[in-house]
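Should a chain be cited, it is by its letter among A, B, C and D, assigned in written order, with residues numbered from 1 in that chain.
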Amino acid sequence: MSTVWLIPAFPLAGALVNMVFGRVIGRSAHWIAVPALVASFLGSCVVFARVWSGQAFTTTLFTWIVAADFETTVVALVDPLTGVMLLVVTGVGMLIHVYSIGYMHDDPGYARFFAYLNLFVFSMTMLVLAGNFLLLYVFWEAVGLCSYLLIGFWYTRDSAAQAGKKAFIVNRVGDFGFGLAIMWIWIAFGTLDYVAVFKGAETLAPATATGIALLLFMGACGKSAQVPLHVWLPDAMEGPTPVSALIHAATMVTAGVYMVARSHALFERSTVALDVVLWVGVITAVFAATIGLVQTDIKRVLAYSTVSQLGYMFAALGLGAYTAGIFHLVTHAFFKALLFLGAGSVIHGLHGEQDLRKMGALAPRMRVTAMTMTIGALGLVGFPGLAGFFSKDEILAAAFFGSRAAWALLLAGAFMTAFYTFRLIFLAFFTGPRMSKDVAHHAHESPRVMTWPLIALAALTVVAGAAVGIPSEHGTPFARFLSPVLPVHEGEHGGAAGVMLLVLSVIVVAAGILLAWFMYMAAPVKAETIGQPRTVLVRLLLNAWYVDWLYDRAIVRPLYALSVFLARVFDLGVIDGLVNGLGRAVVWWSAGLRRLQTGYVVNYALTMLAGAVIFVAYFLAR
Amino acid sequence: MIPAPPVALGALLPALIVFGTGVLVLLLDLVPPRTKDHLGGVALAGIVIALLGSISLWNHETRAFRDMVLLDNYALFFHVVICYAAALAVLLSIDYLRRNGVESGEYYALLLFSTAGMMLLASAGDLLIVFLGIELMSLSLYVLAGLFKMRLASGEASMKYFLLGAFATGFLLYGIALIYGATGSTNFDRIAAAAAARPRDTLVTIGLGLLLVGFGFKISSVPFHMWAPDVYEGAPTSVTALIATGSKAAAFAALIRVLTVALRAAQPDWSVLLWAVAAVTMTAGNVIAIAQSNLKRMLAYSSIAHVGYMLVGLVAGGVPGAGAVLFYLLAYTFTTAGAFGAILLVERSDGEAVEVGDYAGLARRHPVLAATLGLFLLSLVGIPPLAGFVGKFYLFGSAVRAGYLWLTVIGVLNSAIAAYYYLRVIVYMYMREPEGVEVRLVPSFAGGVALAIALVGIVLLGVMPAPFADLAQVAVAPLLR
Amino acid sequence: MAPESWYLALSAVLFCIGVVGVIVRRNPLVIFMSIEVMLNAANLAFVAFGHRLGTADGQAVVFFVMAVAAAEVAVGLAIIVAIFRLRRRLSVDDLSLMRW
Amino acid sequence: MEYLPILLTFAFAAGVAGALLGIPLLIAPRRLSPVKLAPFECGKDPIAISEGRFPIKFSTVAILFIIFDIELFFLWLWAMLFRRLGWFGFVEMLVFLAILMLGYLYIWRKGGLEWE
């Protein structure tokens, strides 16, 4: 079924057209880009229907590199996992394309934006389709390239260019590991083809498996912003908001999760690797959530939330609950894209204001946005019945039966998630207006073209979980669908313990939301007190501020001091010194060597003569 | 009565077509109309016919003139590379010459003669033909480099190229003389037979050393590279494109044939020397390129570095190594000709835009050109899935398999260094505000066609290299039997 | 008849004279003449080897070399003339517009 | 080592040349200044080229002369073996001369033979 290739082909064509004829097309760029995505999405639906009926297949486009004993083909592996990923990428991508028509309306780089966006969807669909590691790597880099281009889209802003650079450098670290992993796989298996590698993994020595799996995970950490390589993602919010929604929340950053799930056969061979995945995931989930508690930039809150949720997914993978991880990936794509797009709608309505302290009481002015975003928030925190509820519960259940410590931490993370999410909702939409009169006057709901995608995503958030996520004796329907690819660990899901866990997590979430309500809704807050440590408040808020304060004093300050110390002494002195020193040495050599090029014929002739003498002398000496 | 020797001009057919077109262009130059617009078209037609002819002759091996001229698959592969280089150069020239007011019939005639010389070089089976081919190619290029008679830089480039080139020819010829003296023949096969019978002959090894000086100059490997930056900078950009691609490919064609056929017995000797030359060449090229701000000069050093990479394949040897060099030359020809072509289409009010600063913010004003140049540069860096990546993959892969791990490590490190100066240009184009002098894009249909061909070439070679790599291997395999 | 190695020795000396001439002289015309000396050294070697081998190949090569050398002279002189028209001076040390 | 004398000659010639160039480089004091690097002519800027002047038109003619002169010895060889080479040689030589004449025609039409 080689028509699979049409799925990436449409966005590629769209990207090329917009790139080449961008100047002519100008404001009509979306008439190219959006239909391309729609076509791609329909293609994905067809493919999905195909795999639904239980067919997994590979289709080879052509042989790419052949060198003696090594052959790499451009091959697509289409199985349920691919089908799910394709639907998410093209479906969410399509909605975000539509949304961008409104959001980017006045931008001078309109056509360029759609070209990059299409290029991204092309790369991402190829990444998902790839049937071997080399192809995966190529498009892994390609999505990275699109990401840098889009982070630095407003390159006249210095911070945007800096953020692009940061993302590039941090990802390099991860890619380095990924590259080594691929070489190792080649050495160990003699092939890079998924099917052959995963088959061979069954008999792989555990030490080798550990090495390969950890290096692969290093790559995943870079792309999916896991501690300690998470630092680039919050800065990536410099890009336009639809980009944040599509690339830095819904799709690209989940590539790491996809990759680990895809290569689970390798990870399964090594308990060490699985434990590392689990604990990096758990630590990231909690760590990022704590940072999210105090952010004042609406997009940064969501960015840390994304990092945290990715941590949940990795935790699930580390526990061997692959389907739970992928399920969370899917639901997260819906509600996080929704939240980002909603945030974008707010920013759009406030003419570029991103600071939560200068928002408030937007609900009456932006009804659709407020409503959909609240749904998204409920989805994220895991409100019973919504998407996040089912997927997060799966992960928590798996953690409960896998590792109690991880479960406790993840539960704490869920509490924090509930708190910061509703802190955002309350501050943005409900508590009294804190912006200037002028801005408040002009605050307006976004155009239809932006609100419709919000509604669609909200509907998905409501429906997705209940549709495929209700567990039964044999796991969720979603897990059963993925079972040909990802092993389902016959769960102790049901039973009294399961119900108990469910209730507990609902209570925790409710507590988080209530805390947020008490702190930000029960009494009006002043703009300057939000997110400001050391401002001691009274009454019920006191305790919460205490957390903020503690967080600031016990974690942020020392961390900051440590990071300053590390940055000054270690980074500047050692790493920077090493890197810059190396760079300087090369440049110095370069400047020195170029002086040899004097421009005088005689010197050139002398050099040639010297070379000739050396050559002849060498041959005589042999 | 001396019997008439068999004359098999068929073996020279592609070169003769190009040569004949050159003569035709000269004649057409003499007759009205006075405008020279059509001459570029005539030249292009000749090259395209030769190209098609070469392709159609694939697998029809011909030997002629007592094995002095060999039209085997190896020669034909290079004919195709050279014809592409020449065709791109002609396409780039058409509007470029008019813009600079130096349109003339000689230009195309010389370009065609030079191309014929390159093709002769590729099908040489005898050191005498190597000498004639090199001279035919070089003498035309010397003049072409000085085409801008009123520019000091152009004259200087021409003079430097000529004096140093002739100097190198002196070494080459003396090397040929010594090898002739030692083996009694200038024919590759007979040299091989004689050299195998008397291994380690002093005269042969000295001759080999002197030959390598001559070839080293033509491919611009260290320490015979110093002419390249000056000539590339001073020569008209369309000529630079030809010097950087066609002449280099032709010299490599002859070099590979000489080393692997005629002097195979001395392989242990020359491979060690070339190991060092490869390492030094790529390092020097890349390191010095970092300090360049003139794009043409930077590409000159970059092309020196690429010669280093290609020598890696030659050192690795065998069908995989030599095949990788052929594939790389094909990829490199498209990439480099394209990069020079893109530069040629950008102009400042006071001349050509060659400083990297001129390219600041180009992506905003001319997104297509910026993207095109960006892709050529990315291919030079070796980013998948462009031609440069696959080429390097084959080269370094062959070196690893042949056991030259350290050379590969040096090569990979060099690729990493090289990324710096290529990406700097891309950063200027995409992430800087335009500065200083306004640059504009020269409207040129032919130039656009040339860039499109080169672009399709690098993408095609990058995306589906397998058939072309197969052809390259098929072409070199008989040499190494 | 002197032994052929004498011719070879003479040819080697000529070659070295040519090389040194290229290095030490500043006038492109003289440099070019030195290069011609190098080519003729090669010619002499060809003839001498050809004589020893008893074939005419060496001498045939010489004819080609001389013809090519003549073409080279023509091109060289033309380039020198073109530069002279522009600069009115003849020294290769003036040719250092492009460097580094 | 029948070629040893030649090698020695090479080495000697190269050694002398290298020494002449290298020794001053090593032992001579080098304090370069713009003044020193400037061409020296009695404290004045050079007013004339050292080689003296010569009219370019002579050299143009000389170039053309060399080319046609050199081609002569191919004719000479052919003339010596004229009868033994037969028709094949004759045709070959005609082709050769035709190409030569083409060049001549080109020079003529381009005005290369005009004196002024």
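Definition applied: contacts are C-beta pairs under 8 Å (C-beta built on N, C-alpha and C of every residue); 3 or more make two chains touch, one makes a residue touch a chain.
The model shown is predicted, which means the values in this text are computed figures rather than measured ones.
Student: With respect to inter-chain C-beta contacts, which pair, B-D or B-C, contains the greater number?
Tutor: Of B-D and B-C, it is B-C that has more C-beta pairs in contact.
Student: Most central chain by CA mean?
Tutor: Of all chains shown, the one whose C-alpha centroid lies nearest the global centroid is B.
Student: What's the distance between the Cα centroids of subunit B and subunit D, rounded to whole Å?
Tutor: Spacing between the chain centres: roughly 27 Å.
Student: State, to the nearest whole Å, the distance from the C-alpha centre of subunit B to the C-alpha centre of subunit C.
Tutor: 26
Student: Using mean CA coordinates as chain centres, what's the gap between subunit C and subunit D in Å?
Tutor: Their C-alpha centroids are separated by 7 Å.
Student: Report the inter-centroid distance (CA atoms only) between subunit A and subunit D in whole Å.
Tutor: 69
Student: Residues of subunit D touching 2+ other chains?
Tutor: In subunit D, residues 3, 7, 14, 21 touch at least two other chains, as defined above.
Student: Find every residue in subunit B that makes contact with two or more other chains and list them.
Tutor: 159-160, 163, 167, 171, 202, 229-230, 291
Student: Would you mind listing the residues of subunit C that make contact with two or more other chains?
Tutor: If we look for residues of subunit C contacting two or more partner chains, we find 8, 15, 19, 22-23, 31, 71, 78, 80, 85, 92, 95, 97-100.
Student: Which bits of subunit B are touching subunit A when the two form their complex?
Tutor: Listed in rising order, the residues are 159-160, 163-164, 167-168, 171, 200, 202, 205-206, 208-210, 212-213, 216-217, 222-224, 226-227, 229-230, 269, 273, 284, 287-292, 320, 367-368, 371, 383-385, 390, 393-394, 397-398, 401, 417, 430-433, 463-466, 469-470.
Student: Taking the complex as given, what residues does subunit D use to touch subunit B?
Tutor: 1, 3, 7, 81, 84-86, 88-89, 99, 102, 105-106, 109-110
Student: In the complex of these two chains, what residues of subunit A are touching subunit B?
Tutor: 19-20, 22-23, 62-68, 70, 74, 112, 137-138, 141, 149, 152, 155-156, 161, 164, 586-587, 589-591, 593-594, 596-597, 599, 601, 603-605, 607-608, 610-612, 614-616, 618-620, 622
Student: Give the list of subunit C residues in touch with subunit D in this complex.
Tutor: 5, 8-9, 12-13, 15-17, 19-20, 23-24, 27, 63, 66-67, 69-71, 73-74, 77-78, 80-81, 84-85, 88-90
Student: Tell me, which parts of subunit C touch subunit A in their complex?
Tutor: Going through subunit C, the ones touching subunit A are 19, 22-23, 26, 31, 92-93, 95-100.
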